[in-house]
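In the part that follows, the structures are each spelled out as structure tokens.
In what follows, subunit A forms one complex with subunit B and a second complex with subunit C.
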Partner chain A sequence: MNRIVRDIAIGVLVVAVLAAVPHLIPSKAFQDFVIRCSSMALFATSLNLLVGYTGLSSFGHGLFFGLGTYSFALLMQKTGISLPVAFIATLLITTVTAIAVGAICIRLRLIYFAFVTLAMQMLMHSVIISWVGLTGGDQGLQGGIPRRVVAGIDLGNQYNLYIFAAVVLVIGLLMMRHIVNTSFGTSLRMIRDNETRAAFLGIVVWRVKLTVFVLSAVFASVGGIVMSLFVSGAYPELINWPISGDAIFAIVMGGVGSFLGPTVGTMILLLLNDVVTRQTEYYGLALGIIILAFALGLRRGLLDFITERLGGRPAGGIS
Partner chain B sequence: MLQITNLTKRFGGVAATNDVTLNFAANSLTAIIGPNGAGKSTFFNLISGALKPDSGKIVFKNEDITGLDRAAIVRRGIGRAFQVASFFPSMTVAENLQAAIAAHRGQWADLNHRFPRQGVRERALEVAEMLGLQDSADVLSANLSHGDQKLLDIALALALEPSLLLLDEPTAGMGPEERWKMIEKVQRLWQMQNLTLVFIEHDMDIVFGIASSIRVLCYGRVLAEGTPDEIRANPAVIEAYLGTPDAEDDE
Partner chain C sequence: MHDNKAARLGRRTVLAASAAALAMPAVARAQANPLKIGIQSIFSGPIALLGTSSRGAIQPEIDRINAAGGLLGRQIQPIYRDSKGQPQEAARVARELVNTDGCEILLDAEASSGAYAVQEVVRDLGVLCVHSNSETSSLTADPKLRVATAFRSARQGVHDAIVGGAHSAKVATAKKLSKWATCSPDYAFGRDTTAQFLEFLKHFKPDIEVLSQGWPKLGAPDFTEVITKILQAKPQALYSALYAGDLSAFVNQGNVYALFSAMQVFVPAMGDLPVLTAVKNLPAGIQSANRYLPTFPATAENAAWGAAYRKNNNNDYPTNWSWENSTAIRFIEAAVKKAGSTDGKKAAAALEGLTIDSPFSTTGKVTMRAEDHTLIDYAIGWGTTVPKEPFVIDMEPGDWGQIAELEKEWKKSNGYI
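So, the complex of A and B:
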């Protein structure tokens, strides 16, 4: 119980500090950074529920991130429902899609699982590109997000969106942290460590896998909604397969074994993106070298490395 | 307790288990012996639901469990340990057992409460103590000695409070001294826990030393069954498996 209170206190503190920062340093770029970070960190952390905690390496998790952006933007543009209702409806659409996709994918293991998830994402990407009438095709869904005023707060205002994104991130992280600390979270580690043993202890493996697949899709979708609000629409790049790669890079750089690893990794990734693209056009090359440095130099993500140096036991130990 | 009738499992053209009919009485301590490739592990896999039989019937406590999946069979009280110790290497001994106990208590899908729930850790330490692992409770299981990993594997099965425990070569890979320590623990467990215990073993000193009854498998078939004395005297077993008794093995 104390740990939940502690985690919530840390979350509130983070939001409070972030709320204060723009009053001291009025930087639009910083606020943009935090909004993008919130979106991507939710996405990367949700993917780590599969990769780090359950040992399911999905290469197509961007499907649900992109589905979040498109569903939300379409619901806001094409229907008259309010923003909170569209938020919930997007999560329902994601849940139904994830059950269908998950039911197919979780039967497979290892590389087959990875490739089928990737194929699913490419399928969805093709549908979005070809269905020009609905989605705007490769031009993306333009026209902005209407009805952004919720309970008197205008999410069209950058500062408000910035606080909203931070709050959504903190709540999402707290919920995912709770999930990994429950008995269900322990079942995930059992399956990752030794699926056969888990089954012989009475765990119905497919149910656990499908549940975590759907949960992680829903949190990725929340990240997508934040992104949709930030870009005022939805674009094919947000559902194309490199977006899944970004989440995997974030996890690798931050650390699979630490809960906050993917969040730290996201910050590194976006910082690199912003700094490197300003200096050189060879962004991919620079990123590749840095990822190699993490993989070959530290042999683990940054946060896992630090935890181990401090004598901890990250690699998925029960925290 | 466990009645197996005409059980058959084929892999390609080879019958790994061929028309096997066997009974295991409640509270017995039965050894299954037989040369390599006799179908002993396949037999365990069939009982525990890892494999589905092609034909035949498995009845446990008067219920037909043929073809049920692993989790369903575990819930009915059949636990097993493996030839190669099977556990969760990223967890400590206590966490391994807590995880097994949570699974046994049906908490494995629980998304509301923190792990471990009340009473789980206490129970885990009790189970650890049954096998003498209490001093290693907070050791990372990947760092345990080979023997202790085998004990942890058995402890995981025991955490499910099974009425039938299947042990696949509990002493595999151990030196002579370690073997007897292990076997003493297994024997004590059987006496204390009101268990029906079936084990696969290659060490004949151990088999004839502790088993209350013996089943001999050979090429997927039942070659013989009986008490240790009956098996020792069985000409078919001697010919196929035990060999001629030497001078030390004075009857």
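So, the complex of A and C:
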């Protein structure tokens, strides 16, 4: 209980600080950074529920991120419903899809699981590219997102969207943090470390796996909604397989064993992107070298490295 | 003693140098206050040519303006940035260029999906923006997508379809070609362009029968299957919306099967120099539109512009994107001069309906149409390929009166007006 109160207090503090920053430093680039960070950090952390906590390496998690952007943008454009309703409806669509996809995927293990999730994502990407009448195909969903006003607050305004993104990120992280700290979270780690033993101890493995698969899909789709509001639309690049790669990079760079690892990784990745893109057109080369340095130099994500140096054991602990 | 003196001198030199260094930026700022233009495109990956051949035309134009004293007395400072072809990066980069780098004007040289993302950012920011590479008609034709301060200095899909339909119908009537096949890339652009072409072809020549439609995947290295399918259908004519690397690969492989002597082929994107020069044995007699040709319009200004581009760019050929971006800068220059300001609203008001001199027009002038913020009167026409330079001959210019009339009908049928 104390832990929850402490986490919530930290979360409120973070939002308060972020809300104050624009009054001290009026940098719109910083606000953009936080909005994108919110989207990608939710996505990467949700993937880490599978990769770090359950030992399920999904290569196709971008499916749910992209599904979030498309469902939300389409609901806002084609129907007259308000933003909060579209938000909830998007989560429901994601839940139903994740149950169907998860039911097929979680039967498989290791590389087979990874590749079937990837195949599912590519399938959805193909559907979006081909269904030109609904999605605009490869040109993306054009025309912007209308009615971005919630309770009198216009999310079309950058500062408002910035606060909204920060609040969504903090709430999302708190909820995921709570999930991994419950007995359900313990079951996840047990399955990761020894699936057979977990089954013998009475854990219904497939049910736990399917539940965490659906939960992580829902959080990824929240990240997608934030991205959809940021770009004011939905584009096939947001559901194509490299977006899953971005989340995996974020986890690798931040640390698979620490709860905030993927968030830190996302910040590193986005900062690198922004700084390197300003300097050179050889972005891929620069990023590749830095990832190699992480893999060969630190041999783990930054946050895992720091935690271990300080003598602690990462909470998610890959043993 | 000697050492001491040297050291003192050293200190003085250092002090003087630091003072100069501190004063320099202030002096430079007072003199310059550059006018920053944000230019975003794809500069890396497989379609980096989009960005590099755009920049290759933009930079000489900016150098010309700066050498003549700048714009409103301020030197133009271009800031080029790579979006890597990702719409979310395009949106981010557009915001960064305006909000962080202090760009007063955006030149959006993105491909279509990037351009749509930038359009939404411009809607929020209200700066003057010229889209220079997106040819997708709805960007400016659809009133729901239109933005008050955004314009397009590029050719437009529907213009190409009308001129292509009119010209192809004329050739088809003369040569009695009624059985057709198509072969276009399998994504929205390929399918839309092909459907639009057929629509206008049938408008001019209703007795058209389409026997076969092939849809090769984008970037497919092997066209054998598609080519044999076309040959088996035995059409009299073939239309293809393939372009760039895919098109040169298609022509090279089609040559092996003698595809181009078996039927009359119509390829709008053939008339672009990088494609024409990448084909090993360019077949004679392909009907092609111009993308950019230094020989069309056949004026001294156009030829000189083409030669200057090659001189400025390591002898690389200019592309369709090059003239479109050159035109973008010329429009920005004229609009800002006329408005006396870079303010989004004022410059946009000046740019609406503006006509400027241009080497890329058969009349010597191009116009930014006021009603839908898009370019008209640019050189658009069809000719016949020959294996050697100038590669495309007998260019027949499209009729802008006819284009405007049919474009209006097309807009009505799409509910745009």
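By our rule, the second predicted complex is superposed on the first by the 315 of 319 C-alpha atoms of A that agree within 3 Å, B and C clash if a C-alpha of one lies under 4 Å from a C-alpha of the other, contacts with A are read in each partner's own complex, and residues count from 1 in each chain.
The definition used in the following text is that a residue touches a chain if its C-beta (ideal position, glycine included) is under 8 Å from a C-beta of that chain, and two chains touch if they have at least 3 such contacts.
Here the structure is a predicted model, which is why all the values come from computation and not from measurement.
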{"item": "Partner chain(s) touched by A:L169 [first = subunit B, second = subunit C, both, neither]", "value": "neither"}
{"item": "Touching partner for A:L201 - first (subunit B), second (subunit C), both, neither", "value": "first"}
{"item": "First (subunit B), second (subunit C), both or neither touched by A:D32", "value": "second"}
{"item": "Touching partner for A:D138 - first (subunit B), second (subunit C), both, neither", "value": "second"}
{"item": "Contacts of A:M76 with subunit B and subunit C, given as first, second, both or neither", "value": "neither"}
{"item": "Which of subunit B and subunit C A:L161 touches, first, second, both or neither", "value": "neither"}
{"item": "Partner chain(s) touched by A:C105 [first = subunit B, second = subunit C, both, neither]", "value": "neither"}
{"item": "Which superposed partner A:A217 touches (first subunit B, second subunit C, both, neither)", "value": "neither"}
{"item": "Partner chain in contact with A:M227 - subunit B first, subunit C second, else both or neither", "value": "second"}
{"item": "Overlap of subunit C and subunit B interfaces on subunit A (superposed complexes)", "value": "none"}
{"item": "Residues on subunit A engaged by subunit C in the complex (per definition of touch)", "value": "27-29, 32, 36, 129, 132, 136-140, 142-144, 156, 158, 227, 230-233, 235-238, 273-274, 277-278, 281-284"}
{"item": "For the subunit C and subunit A complex, residues of the former touching the latter", "value": "43-44, 48, 81-82, 84-89, 91-93, 95-96, 99-100, 112-113, 116-117, 120-121, 123-124, 136, 138-139, 142, 144-145, 187-189, 191-192"}
{"item": "Interfacial residue positions of subunit B with respect to subunit A in the complex", "value": "48, 50, 70-71, 74-75, 79-80, 82, 86-91, 95, 98-100, 102-104, 107-117, 140, 156-157, 159-160"}
{"item": "Interfacial residue positions of subunit A with respect to subunit B in the complex", "value": "1, 3-4, 178-179, 181-187, 189-190, 192-194, 196-205, 207-208, 211, 313, 315-318"}
